[in-house]
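Data block below; observations after.
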Amino acid sequence: MSKKVILCCAALVAAVAVPFYLEGFWLQAGLFAMSAAIGAIGINLLTGATGQLSMGHAFFLAVGAYSYVYFAAEPEGGAHGLGGLGLPAPLAALLAVLAAGVAGGLFSPIAGRLKGAYLGIATLALIFLGQHVLFNAEPVTGGYNGRAVPPMELFGFVFADSPELVVAQVPFGALERLWFLGIALLAGAALFARGVLRGRPGRAMNTIRDHEIAAGVMGVPVARYRAGVFVLSSMYGGLAGVLIALVFQRTVPDYFGLLLSLDYLAMIVIGGLGSVAGAVTGAVFISMLPQLLSRYSDALPLVAEPGSGGVTPAEAARLLYGAAVVVTVLFLPGGLAGLAARLRQATTRRAASPAGHPASLSPSPAPDARN
Amino acid sequence: MSTTYQPGGMDISVPRLEVRDVTVRFAGLTALDAVGFTVEPGSLHAVIGPNGAGKSTCFNVLSGVYRASAGSVRFGDAELTALAPHRIAALGVARTFQNIALSPHLSVRDNLMLGRHRLTRAGFLAAGLRLPSARREAAAHGERVAEIAAFVGIAGRLATPVGLLPYGVQKRVELARALCMEPRLLLLDEPVAGMNGGERRDMAELVVAVRESLGISILLVEHDMGMVMRLADTVTVLDFGRRIAGGPPGEVQRDPEVVRAYLGAAAEDGTRENAS
Amino acid sequence: MDVHDPRPPEGSGLIVRDLAVSYGPVAALRGVSLEVPRGSIVTVLGGNGAGKSTLLRAVSGTLGFHRGGVTAGEVRFDGARLSGTAASSVVAAGVVQVPEGRRVFARMTVEENLRAGALGARDRRAAAESRDRVLTLFPVLAERARQRAGLLSGGEQQMLAIGRALMARPRMLLLDEPTLGLAPMMAARIAETVREINGQGTTVLLVEQNAAMALSLASHAYVLEVGEVVLSGPAGELAASDEVRRRYLGVEDDGDDGNGGGGDGGPAARTSGGARRDLSASPRPVLARWSA
Amino acid sequence: MITFLELLANGLSVGAVYALIALGFVIIFKATEVVNFAHASLLLVGGYVVARAHPSVGFWAALALGVAAAAVVGALIEFLVIRRAKVSSHGVLAIVTIGVDIVLTTELTRRIGTEVLALGDPWRDRVLHLGPVAIAQTRVVALAVAVVLIAAFLLAFKYTGWGVAMRATAEDPETAALMGVRRERVSMGAWAVAGALAAVAALFLCVFPTPGLDRSTTFAAMKAFPAAILGGLDSTTGALAGGLIIGVVEAMMSGYQNDLAFLGRGIGDVAPFLVMIVVLLIRPAGLFGTRELARV
Amino acid sequence: SQKATGGAADPSAVGGDGVKTGPGVTADKISIGLMTDLTGPYASFGKSLTQAQQLYFEQTNAAGGVCGRQLEAVVRDHGYDAQKAVAAYTEIGPKVVALAHVVGSPMVNAIKQRIETDQMLTIPQAWATGLLGSKPIQVTATTYDIDMINGVDFLAKEKGIKSGDKIGHLYFEGDYGESALNGSKYAAEKLGLKIVEQKIKATDQDMSAQVAAFKAEGVKAVLVSVGPKQTASLVGVSLAKGMDVPFVGSNSAYSPQLLPTPAGPALLKDFYYMTGGAPISSDRPAMKKLAADYAAKYPDTPIDSGVSSGYAAAAIVVDALKKACEGKDLTRAGVVGAHRSQSAWGEQFGTTMDFTRFDKPASLLSYVAKPDKAALGGAVIFKEAAASDLAKEYQVPVG
């Protein structure tokens, strides 16, 4: 217990210290990872815990990002003549998350009825339809070019480069300021999801995944729960969208495409299905990998400078990323989080009794799982 | 034989279950054909019949998994045929499954806590924010779950993932999960299938104990005639979806139609071991 | 108890020697030896978790599906070594298993399930014959030929599982709880069928919870407990032994060990059919009503 | 009217190509219950080999090589990845195929680099005139090939032991093994067949009216998803029907784009997904797919 | 630690040589960023651009560099993905003095705000009208709308298109297509033509349905503002289906790679494209030298429009740096200021450009180019650069 507290405190101190030491590139990479982690927690609730495959997560990020921009932008619009509602930024962010939830809710006739591959591919439609709307609803979305993101403002504190702010001789620009916002949002999102997963809704979700009919008979309103989880996961997507928009300072429709959705699936598989820690680990891995590779492309032996022929950093990142997904599933059934759990168990087991079952679950499919 | 079983100090209201003319059709097959019977409050009512007679189908109708094409099922004032499974569960109807339907990756405790779903309230928000109400609720129900686990004899396994348990223990978990719903009507579909003599005896004891302790109605499907004859107050016999006999066990057992369709000649001498 | 009976010619039938099996760190069988002479029926009894299914998996080469493996000993059939070969070679050698828990192909029709059973058999005409035989044995399968197997009732699925295995015309049949969930009449029918196909020359290894039936069919029986053979002998003798009668047949004396776990059940509670026995003889657990 | 006919013909002809791609998904799904997201990269493998080989060995030999290469890669995916993946859920396997797809596609696009590769087919840019309607010859061939292959697979799945073995293995590998099915061989066979099919589909995807194979070819394969789902993921007939429907819808929506301007420009591209959603709302398992029914 | 953040708080300093310097400039080195596409849809273009610019920097360095400093290129690949562009800008933005090219208008738009805050001279390799109106961003030569206006004018003057005719316009969704469409609509209105629009996505490959639609409307010519592959499909299908009309493309619609494909013959027949930058085959000494140097340095790589375009863009940046050096101010703002003081730049590469106004295209003159198998870069000038009257009257929408 106290060990846990110490660990948490250490993590907190480290997180706070980061902006004072690392340069913009790292802060930005970290913020991307935080946003990705929030989104991944969301889709892990849906796909990992409830067994509902979704390939449309990027759509909800888009809804979050664009809603925030629209709600927060000045009614008159800026240079591009794109208007908004001019709401206070925190309210706009909150409403944006709710909007993503509503979008998820609108999809619930499908989300509540379909499962497996069918749901997965049906959600693919969200991406394409969503992008169609983003491209065409120009007065709101700015069309192909997207639009600029109004900065977050909390109690008069603006999360942007100006007005200038220097803390302990370190200039605090948008990224430094957003870093703290990101940490807070991620921590909140993670704790919330953990509560959900370990509580009554989590059990219901797991049972829907494992045995839908049994869940219903035990009193779980299955369709409503499915839809509910879909909405919740959409809201996580929406929050991730708001954060990424703030970091980006611009939203463009292209970003919210299929590849982003696939990234999210890769994150939860690599991290470990169904757990919050898994989602976060996977998100950090997937979103940092390409950045690290391109940053250190000159130092890495196999990776060529862009433009010089050979494997470029972007290509290397994708190769590694694909391979990581495969390798995780082949050799780390529980993902990175599962690996960590096993390591932890191995150390505690050595301390305690040597007996007990192996940590890895999923023996063969139970004989009764068939019909 | 009495048709109602009156345990001492019955204080929860256990309504009568009335099944009237229930018909279920699947493409080209009538699985239940105008079946009707009544389960008196607090009694143990067995449904028997050959394989494919429609016993599980009947359970599926009672628990809302299948929708009847005709007929009515009344549980007290409620008409069950129009309700979704979770609504029926909310009325206090619990069941076990012929084929185990537990979450293999979840611990026994979590599987049992799922049984408390209908009795608890914590939603996404309460659970996510860990509101005090949710915590109190979880603690209170956790205690009851431990009680029930002890009753069923699986107290030592609460932390074990269900998938790692032997078959017989999983069957007990099924029963415990149903009990966790604090049912007023308990449906047991072949609770002792796949168990050997000793295990069957324990399970039968448990069923009796449940009835004595809680005074609820129990509907039992079983091919183990010994158990049915010993435990049941009333027996309904189905064959090809039709009710072919009903009444006290002794009577039913001698019914020539039942012997022909179900028990077979071998059963007539009354000593035969029944199939598992 | 070990009874010496005339051994069949060496190398014919199924021979299991000093078999040890473990699932990862969990040892499920230790030093199990048993013989099923050609043309005989041999049964294995044992409580839940004793290792009966594990034994059959070891014979048919499917331990790998459960992340288990043979750690010592060997399995031979008609002189040829089975342990270490693939499941498909075991089938090719003529050894076919009806797995525990039915395991029908739920999404395929009844008809297709039967055809799947014949995949191991090469002879087309023989396949048609076996099909006829199976359908006479279980007429309900003919009625439901085009129904998806997953929608059959539990007992119907069990019939399908047995019928499917018979399609391959095995030289040796491994049955894992074939009467699970079957109505008494149907269980009796299965018993007859086992006797009949045995009469036609198929060797049978039968795992059953219904010990009475198993012992009446088998010539020889083994009792497994926690992964080891604790008893073996001619079926008749075993059936007469107090131990077996008490534990697996469920007859006579009380003396409960009241253990809730699997494997070692208490005394059987069944007496002659129909008579209601006083069940309140032993102290029974009590569950208080819930109030909140 | 003529426009309508012309668009219809166009739609059917593109649809044939979608159907061929969708057939590949369906085969794998039927045989292994995995949604194979790596199908697009198999396509790229087949197309790439044909494109590289045809200048030296001629078209038909190149096609044979391409089909063989894609089959081998398919089989390798099975051998190296699918077989060894220790997961119980087909959903996770689907995600694994995404990983495989990324690796393969990245490597192939790197090799293709910035080129647009011609496949050297014998039909070139000839068109077939049916009255006022003109259809590219390649597409007529594609339609014929699709119909023949789909019929062949339909029969194979229904009537051969191979089909039964595949489906049995897909559903329950252990029990299938108990039936004597050589699981590895069957599942590898399915992947090889899917690879071969992908190469055939790649051929028709990259010849006239499209200019050739390049790094963006895989995107076109995306439309086979709604096609396969629309028809029913486990139905070969569905693949054909789905492909044709998607093709026609897309052609019509693009062709009448100006009259449909209120839906936003470029509706032709998203229309397949709209149609898919509508169909799924009415029939959750697609037009010809088997409904997932469960009992307890 | 040495903590550096975005440009806002960057210190400027005065070096030993009296030149004011800022980010990206040290005593002996000037870093210039290239944000290119090497893995996305415009990878071939991006590669040519990058190589041509590296060639230019090398040559400049060989000639003594700029302001006594050597030039160094910092290349980042964004793969035509706006997020990656933002990430890349965060990384290299603080370290460079200018961006010699950024491929794609969505990428430029994504980092536009920061470019403006940082006063980072940026040459987009994209010609959407929306990129105008920003001081540090310099779109080279014409924009897509100007090209299309000149294209319609060309059709009317030389291909017999007259009032009342319909002409098709196939365009990509996005800035590129829509800028072009703006131009064609404007010109069509002025000339009494009707535009039949067909919008597609970059992932579309088969233009049969679009051809059917054009055919049904009886278009007399087709404007093409899509990618090279779609152009090839369009032209090929049209011809095969007997729609024998002239095609006029935007500068991004053509690539010489398509000549060996089955669509090659159709492209050679009646296809033209409009471009503000001269093709590399044009008869100018600078181009001839570039062609020779490029072929010498990168012997195996094909030559396309990216080579000349990138080379010229590098020249713009380097000239701006040189001018800034004269003013002893190599800060970013200094570079932008120096750049914006030039009113007639680029004679040697083709048309001259006016950099003093940033709310207008730098030039209104478009070449009409035509595919040619034999020519270097696969295209020759069909008609010398000219600005139509329509283009001169046209009010560029700045946004």
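Going by the order they are written in, the chains are A, B, C, D and E; count residues from 1 in each one.
Convention: a contact is a pair of C-beta atoms (placed from the backbone, for glycine too) under 8 Å apart; a residue touches a chain by one contact, two chains touch by 3 or more.
Since we're looking at a predicted model, the values are computed, not measured.
A.B. asks: When contacts are scored as defined above, which chain pair ends up with more C-beta pairs, A-D or C-D?
C.D. replies: Result: the pair with more contacts is A-D.
A.B. asks: From chain D, which chain is the farthest off, judged by mean CA positions?
C.D. replies: Following the centroid criterion, the farthest chain would be B.
A.B. asks: Round to the nearest whole Å and give the separation of the Cα centres of chain C and chain D.
C.D. replies: Chain centres of chain C and chain D, defined by C-alpha means, are spaced 45 Å apart.
A.B. asks: Take the average of all CA coordinates in chain B, do the same for chain C, and state the distance between these two points in whole angstrom.
C.D. replies: The computed centroid separation for chain B versus chain C comes out at 27 Å.
A.B. asks: Per the centroid of Cα atoms for each chain, what is the distance between chain A and chain E, given in Å?
C.D. replies: Result: the chain centres lie 36 Å from each other.
A.B. asks: Cα centroid separation between chain A and chain C, in whole Å?
C.D. replies: 50
A.B. asks: Going by the touch rule set out above, which residues of chain A reach two or more other chains?
C.D. replies: Counting only residues that touch two or more other chains, chain A contributes 135, 213-214, 217, 315, 357, 362-364, 368, 370-371.
A.B. asks: For chain E, give me the residues that contact two or more of the other chains.
C.D. replies: Residues 39, 47, 173 of chain E touch two or more partner chains.
A.B. asks: Got the chain D residues that touch at least 2 other chains?
C.D. replies: In chain D, residues 172, 174, 222, 265-266, 269, 294-296 touch at least two other chains, as defined above.
A.B. asks: Quick one: in the complex, what on chain D touches chain A?
C.D. replies: On the chain D side, the touching residues are 29, 35, 81, 84-96, 98-104, 106-107, 110, 172, 174, 222, 225-226, 228-229, 233, 264-267, 269-270, 273-274, 276-277, 280-281, 284-286, 292, 294-296.
A.B. asks: Which of the residues in chain A come into contact with chain D in the complex?
C.D. replies: On the chain A side, the touching residues are 47, 51, 53, 109-110, 113-118, 120-122, 124-125, 128-129, 131-133, 135-137, 212-214, 217, 258, 262, 265-266, 269, 273, 311, 315, 318-319, 321-326, 329-330, 333, 362, 364-365, 370-371.
A.B. asks: Spell out the part of chain E that touches chain A in their complex, as residue ranges.
C.D. replies: 1-6, 8-9, 34, 36, 38-39, 47, 50-51, 54, 75-77, 79, 81-84, 86-88, 90-91, 94, 105-106, 109-114, 117, 130, 133, 173-175, 178, 399
A.B. asks: For the complex, which residues does chain A have touching chain E?
C.D. replies: Result: residues 20-25, 28-29, 32, 79-81, 135, 143-146, 148, 161-162, 164, 170-171, 173-176, 248-250, 252, 254-255, 290-291, 294-295, 305-307, 312-315 of chain A touch chain E.
A.B. asks: Going by the contact rule set out above, which residues of chain B touch chain C in the complex?
C.D. replies: 11-12, 26, 29, 49-53, 55-57, 98-99, 119, 140, 144, 147-148, 150-154, 166-169, 172, 179, 182, 190, 193-202, 204-206, 208-210, 212-214, 223, 225-227, 229-230, 249-250, 253, 262-264, 266-267, 270-276
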